[in-house]
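Just below is one structure, and these are the notes that go with it.
Going by the order they are written in, the chains are A, B, C, D and E; count residues from 1 in each one.
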Amino acid sequence: MATERQERTIQEVKDSDPVCDAQTGLKFVHVEADQAVAYITRLRDVQGYTHLVFFTAIDYIEDSIFRLTYMVHNYASRQDLGVQVDIPRHGTTMESIHHLWPHAATYQRELKEMFGIDFPGSPGLDDSFILEGWTGIPPMRREFDTKLYSEQTYFPRPGRVTHDTTAYMKEKLYPSEAETW
Amino acid sequence: MNEIMTKAWYTLISLFVITNYGLLLGGTMARVRAKVQGRIGQPVWQPYIDILKNNFKRTGIYHGVMFYLGPVFRLAGGLGTYLFIPAVYGSLVFSNFSFSGDLLLVMYFIFFGQLGMALGAGQSGHPYSPLGVSRGLAQMTAFEVPFALSVIAIAAQYQTLSITEIVAAQQGGILNWVAFTNPLAMVAGMISFLGMSMGNPFSVVIAPQEIPIGPPTEMQSSFLGMLQTNRAIFNGAKLVLFMNLYFGGATNIWIMVIKTFLIYLYTVIVDASFPRFRTDQSIRFFLGTPALIGIAAVVLQML
Amino acid sequence: MKESNMDGLQTTATETEQQLEDMAKEMRLANDGLLEQDKGYFCDVRPHRVEPYKGIMESFANWARSQSLWILGFGTGCGAIELRPLMTSRFDMYRYGIQARPTPRQSCVFIIGGYASVKTLKRIVRSYEQMQGPKFVLGLGSCTVNGGMYWDSYNTINRIDQYIPVDVYIAGCMPRPEALLGGFIKLKQMIREGKCEGMNKYIDDFDWYKANQKQIIHDWNMPDYNW
Amino acid sequence: MTHIVLALGFLLVCIGFWGLMTRKEVFRLIISFSLLDTGVHVIMVGIGYVRTGTAPIFDEALAVAGAVGKVVDPVPSALVLTAIVIGLAVTALMLSFAIRLHASRGSLAVDDMKELKW
Amino acid sequence: MVSPLYLIAMLLGAAFLHPLIQNRSKLAGQLVVLVVLGATVAIPLQWLMALDIATMQTVVFQTAGFTAPLSINLQVGVEESLFLVIINGGALFSALYFFRRRTREWEGSVQILLMTLVLGVNGLVLGRDLFNLFVFMEISSLSLYALVATTKTANSYEAGIKLMVAGGIASALFLIGVVFLYRMTGTLNLDDMIANKQLLDNKAGITALFLITASLLIELKPFPANGWGADVYQAADPGVSALTSGTSATAIFFVLYKITPLFGFELLQVVAASGGITFIFSQLLAYKQDSVRRMLGYSSIGQIGLLILVVALGSLYGEAFTTTMFGGIFLLVLLLGGNHLFSKAGLFWMSGITGQHSLGTMRQSKTVRLGPVGAALQGILTSALAGFPPFPAFWAKWIVITALLAFGSYWWASIILIGSLIEAAYLFKWFLNAVKSPVDPGTVHDEVIPEDFPEEPVKEPMAGASPAGIVARIARQSSGGWIAPFMATAVLVACGMLLATMFILRGRISGYRDMVLLLPLAVLVLWTVFDVIRVPFKLQIGLAIICSAGYGLVFLPGLDGIRLVFGLIFIAGSAVQMVPLLNRRGHHRGLAGMLLALVFSLGNLLFASSALEFFFSWELMTITSFFLVVRGRQASGAALRYLVFSLGGAFSILAGLFFGSSPLAALLLGIGFLVKMGTLGLHIWLPGAYAETDDDMSTFFSSVTSKAGLFMLFLLAGLFVQEAIPAGFAAGTRLESLLSGIAFTDLLGWLGVVTAFAGAFLALFKEDIKYTLAYSSMGQVGYMLLSFALMSQLGWMNSLYLAVTHLMFKGMLFVAISGVVYRTKTRLMYQMGGLITRMPITFFTVLIGIIAVSGVPPLTGFGAKWMLYTALIEKGWYLQAALAMFASGIAFLYLFRLIHVIFLGQLKDEHRTVTEAPIWMLIPQVVGIAGIMLYSMYPSLLLKPLEAAVAPFFETTISWDGYTVLSTLGYWNGTAVMYVTMGVFLVPLLWLLIVQRKNTQKVGQFNIVYAAERPYRPETTHFGYNFFAPYEKALGFLHKPLATRFWYRVVSVAEVAGSMVRKLYTGNIQTYALWIVIYTSILLSILQRGM
């Protein structure tokens, strides 16, 4: 049950036009974290956005936030709507929406493993998703140095060289045609 | 004593012939199937190599006594089934042990190998093995119905259950074959033969994708080699049986080869042309039209 | 006199028993990755080296092995898509005696089809160990050689030969089926020459391989050797 | 006379039955029952009555021989006496039961006596 | 002879003096009552000694110095004496019941009332004066009214008033009737009236007589005018109910019996009809009852109705009844009445002792569980009431049915049989409810998967076996009123034994062979003594094994042919099957005796030389086996089904025995035997009974008892070859040509093969292992029936061959499985798995067993298949042959499932420590394996004797060539097959051993290829549940429990009838009175129309 304040916010959000992404044509709404679930519930039950397309997170380490995006879809109006929620990077906890869409639990499990975002109450949250027995910092957080980790862990075969693609093509593969470019 | 030694030699010869024939037949049919699909296909002797390789495996595992004995049971079932069928009519060498029992014995001895294999597969503890066994047995009981009806019709027709006598009654021309004197019985029997050879559309038993080849999932090395040997022998035995029952038997080994080859070809053609039934569908299928045809054959004999 | 003789015999007997016990202990695997109550479910015997036959017998056996290569139908990565064309009439692998089998028990060739994640590696190791020897491994694609284009991922194995012995590598991203067939022909040749003793190598360096595997597979949860 | 007595008796019996069937209280049932009983007694007396007969006392006026036709049969009277006694006993017992019933259940209505059924 | 006046005077005096004595000492007062009542039993006994029983002598006692018409006379004859003995005996036991109960009901007034009641009752029996009878009737009624109220509850007063109103109306009718009779006959003396019967042969006379009869009938509570009676039974103290039902009603019934000579034809018919209707409707009503006492009340009413029916019919068809035994109709009345009196009184007392009021539905039981003694008593009393041998009602029932059928009175016979069946059903339902274990759901969980049963608490060890301990125990148990039902039981048992001896021997004792039929009874007595003196259970079973072996050695050599084959099955088979029981710990009261009695009654079927002897043994077998089934932990529902079906079958047999060799006889007898065999449609008792019995006894039912029906079919085979449709049926129509020529054997053949199919098919989907085996047994019996129905040499040989081999392999399987269940503590197959490593011998047994059952060569089962199909094809039964083959294929499925799901696959954690079955369970298995191996190796060892056994019946169609048996169609050489099989088995085995001699590693149970994963739990890795799901999907529609549904419909018809009828009893006193009036009027109008 949404509180009065939440109701008001939802009303405001509803009245205001969602931001339309010029490139993709997708519409996005920005919601405060504590009102997000109530708003999504309303979207699902009242506005007809009955399908959770995906649920993901982006690490904005510069702003010290994770931006969660709930992508919902309305079959009747064939309308996608992205609900964006910013949560702080530290002590990250978000309200679970597995009660709205059971499959959301899987997304939340993935977010827990990859970003360390906690969703209290979500079923099977701590089961390993891809990384079995991972103990370090979650690998999708941008402070995790994946190259360093790989080099330390996976016996890199010596002799690997990384080339600049354009230069390499010019020099090695098509030297005769290089001038024509 | 001398008689027994002679019989032993004859038996060995007979088994040698049927084993090699079965293996070559398998290789040939794989080749035929490849040609149908526009491929070159494996060499004709590929079955020999596969058996050799499996027996040359350096390691093996087993899950228990019944797992160990399962392939033995299976091979014994194949050998026994063959040995109770007279392979070539009038031949001393290929009469085998057909004096110890009639058609009923052969029909029930088929179960011997099935049971042993099922037990071996069961002890592996792999869930897919009994799943395959369940499918296989369920399908087997179903295709036994038209086959049984067909056999009863033949027994009623000739008033005998002895295979030798059934073959004897079919001598003297192609029109004396059961296939022509009792076509309904033949149709019912040949449909159930499709189920017995477990090709498409009745191949769900070994379904390689869902339940890795069913009962022998855990079988490897020499165990698997033994099963492959059995497949050749048992295949031969079944072909010989159906040849004897419906197509006038064989008076010499070449006729046997030709007839069994054609019968086998028929199953391969069906195999290559159909998709697969689910188990319950094949049960319903066998208890439907083929069973009705069999009943018609039997009822014709009763009139 | 008699008594002392008896004593001597007894000591020998106990000593022999002691030795046997020690040997048996040595032959057992620790299986530390398993929960205590699960240990009874798994065989803990240490695999041992099996010597090839001598002389022409081994040559004959190797010829048979090379003519009957059964692939384990386990596509570990994107490269597995290149296995399918092999069965078609265009490439027709059957003519080389190559078939696909759905169970590791009956297979002798393991194709590591493309890049392997840590999670997949665990399954690769398990399947490899469940195959009966002699068994051969084909590394398909660059990712099995050096990690390929994902080499710096947190999750990609760079060199598969650190974890299981590989007989033949087929480089490329992706290699075409023709390359795959070439690899097979190379493998056959090596088998006939008796060079494919990967299984014995694995057993000889068992502890090294295990250490490598355990270094990255944190959630071990299986016996040390999957019989 | 006999017929009148008999008719009266049957009337009483009928009243008794009617009471038994229609009254809704245990006491009235008992009264009806008494009526019924009395009716039966009257019938018995009526049957045994001989119009011109005399009392069955053997004395000079009544010789033993041939007495049968002249005396009123004494047996029905004897029966009635016994029956009245027994009827009295039954009525008394009924009344005592009724009292006890009222004491324990607080009601004498017939419709309340339905604890036991089916 | 003691004058009967003393009897009355004594009772009267004691009743008057009692308060005085009671004031002095309570104990003395009670003792006086006991002494006086004892004397009332002793005096008639003295009369009996003085009287000449054979001529039914009577002595008339005059009173007041006058002769009969003028004064009251009392008649003492054999009839009166015997009735007084039982009636007063019942009263004495009642006194004992009150005495030992020490409840507040047992006050001085009650004692006095008891004596006055007995006084009235004695007068009723002895008096010959109609008015005198009225007085005595009123005395006893008044005492009874007062006794009913002794509970001092509102309900009892209510019941008392109802009773009094009804009694008042009845006495009014009686009085009017008496007066009219007197008016017409001029006498009140019964003897004079009977002498001047012609005076009453007019409308008025009959009406007057009718009034008296109606009054008596109303006192005896006829349907529907009997609502108050049931209320009384429900409200009164059980002791009083026992008196009402036993003492009082029996005496009033005796009055009715006394005046029957006055009745004309019409009146007798009316009385008979009333009795019959009362009987059948009371049983229906009782069936629907929830209150135990009301149920018993209805049962009493019904039994009295039966008595009335029997008396009326006896007078109607006098000559048919008198031919049977001495005493004619009286004997019947005595047997029925006495049996009812003691058993019903006993049951009332039991209900009082246990304090059980509500039956509850079987599902939600709220019962007081009876101890062993109580269970035994209630079991015996219930059996006696239901008319099982050797109790008096059994013999009475036999005589009645015999006479009725001889007279052609089929309707009455069927009413009596159906009523008895319903009665047995509800009585045993109560019994089961009282004895069942707390974990018993009370239903047959055939279609649902049962919960795992919890461990039952271990019973505490009982006191030692010292004589003092025994005395102390008996004393302890006899307190609280146990003594009364115990005495009643003792009387019934003694009478039963006596009657059995009398009827079975019939005066001839020409050697020990005649005694053989009585052996089961002797065994029951002897082993009961063993139980009392605490002979250890193992010793008891050991003795039983020795005894059955001895029985076999002594009696079987006298037999030949088919009887010998079945004798060996029954006796030798049983002796071996008893061995697993030696494994039991603790004491199991009555088990060994019942088992041995069952074995002997089975054996006695072989020796029965007359219909009665046969039926005696058959019923004995039914009841003993029922008591064995009851012992199962959750068996109550199954036991009830078993009992009802067995009893129904037995009644069908009883009826069929009297139709000579007509098709009807074949039909009725056939149904009876088929019930025992459990063929399709009549099988619904079978799975539950086989499965829910204790695990180590299921084998007994499946492998031994089920053959009894088959044996009887063989014995009476001549009946079944006749045409099933009598000539002239549907004559002239097209139907006739279709139906003519269908013999019973054709029907039996189809029934057999369909049963075989259904048994196999139903076994396929059962998760409960014992249900699987039970259905499997059903299927196997179907094969036997099919082979029998072939009526050819090969067919019969096969039937016998199957019977023998089925004994071996099914016995083995059941014993092996009982070992598994014993160790794993579960019956659900999918909860087992992988037990081969823990129980290798059992596994081997099961392996041999399933190979043998499924008919896979080279073991014995194939012989049966070979003979079956050969015989079928010879006979031309092609379609049956095909269906049989399908059935055998399906049998292979469930057998594989059996061995796989239990022994192969994944071993469960909780079974990791399971050990091999106990040695006693292994012995029969080893014996079975040895037998199967022997007969597999040399089938001729079995086939040749069977050939000889069948030889007298058919021309031979098979011949022998060495070890090869040749039929007209084919041949089979079991020995050669065995050798070839061994050869082809050994060669690959040797090859494998050589190739795989090293480097082959035995691995653990989770070392499987699991799609590159690993299994985590054995439970989720073991494929066992719903094993043949595709079959269910394809043919599941055949799997519906149609037969069960049909029988439930039949039962629900009875239930609906019962619940509709019981709406009559509104509880309103005026309705009751109205019913009395209506009842009387209807009877009167029927009577008038009849005249």
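The criterion applied here is as follows: contacts are C-beta pairs under 8 Å (C-beta built on N, C-alpha and C of every residue); 3 or more make two chains touch, one makes a residue touch a chain.
Nothing here was measured: the structure is a model prediction, and the numbers come from that model.
S.K.: Please find the path from chain A to chain D through touching chains that uses the fewest steps, and give that number.
M.R.: Contact-graph shortest path, chain A to chain D, evaluates to 3.
S.K.: Starting at chain C, figure out the least number of steps needed to reach chain D through touching chains.
M.R.: Step count on the best path from chain C to chain D: 2.
S.K.: Please work out which of A-C and B-C is bridged by more C-beta pairs in contact, and write that pair.
M.R.: Result: the pair with more contacts is B-C.
S.K.: Taking the mean of all protein CA atoms as the centre, name the chain whose own CA mean is closest to it.
M.R.: E
S.K.: From the centre of chain A, which other chain's Cα mean sits the farthest off?
M.R.: D
S.K.: Approximately how many whole Å separate the CA-defined centres of chain B and chain D?
M.R.: The answer is 99 Å.
S.K.: When the C-alpha atoms of chain A and chain B are each averaged to a single point, how far apart are the two points in Å?
M.R.: 59
S.K.: Find the geometric centre of each of chain D and chain E from their Cα atoms only, then give the gap between the two centres in Å, rounded to an integer.
M.R.: About 49 Å separates the centre of chain D from that of chain E.
S.K.: Report, in whole Å, the distance between the mean C-alpha point of chain B and the mean C-alpha point of chain E.
M.R.: Roughly 53 Å, centre to centre.
S.K.: Two or more other chains touching the same residue: where does that happen in chain B?
M.R.: Residues 58-61, 212, 217-218, 221.
S.K.: What parts of chain D, by residue number, touch at least two of the other chains?
M.R.: none
S.K.: Spell out, as numbers or ranges, the residues of chain A touching 2 or more other chains.
M.R.: If we look for residues of chain A contacting two or more partner chains, we find none.
S.K.: Kindly provide every pair of chains that touch.
M.R.: A-C, B-C, B-E, C-E, D-E
S.K.: Quick one: in the complex, what on chain C touches chain B?
M.R.: On the chain C side, the touching residues are 50, 52, 61, 64-65, 67-68, 89, 92, 94-95, 97, 99, 101-103, 105-106, 108, 132-134, 199, 227.
S.K.: Quick check on the complex: what are the chain B residues that touch chain C?
M.R.: 30, 34, 37-43, 46, 49-50, 52-53, 56-61, 208-209, 212-213, 216-221, 224
S.K.: For chain C, which residues are in contact with chain A within the complex?
M.R.: 117-119, 122, 145-147, 151-159, 162, 212, 215-220
S.K.: Using the touch definition from the top, list the residues of chain C that touch chain E in their complex.
M.R.: Spelled out, the residues of chain C in touch with chain E are 37-38, 40-45, 50, 74, 103-105, 123-124, 126-127, 130, 221-223, 226-227.
S.K.: Which of the residues in chain A end up touching chain C in this complex?
M.R.: Within the complex, chain A touches chain C at residues 128, 130-135, 139, 144, 146-147, 149-151, 153-157, 160.
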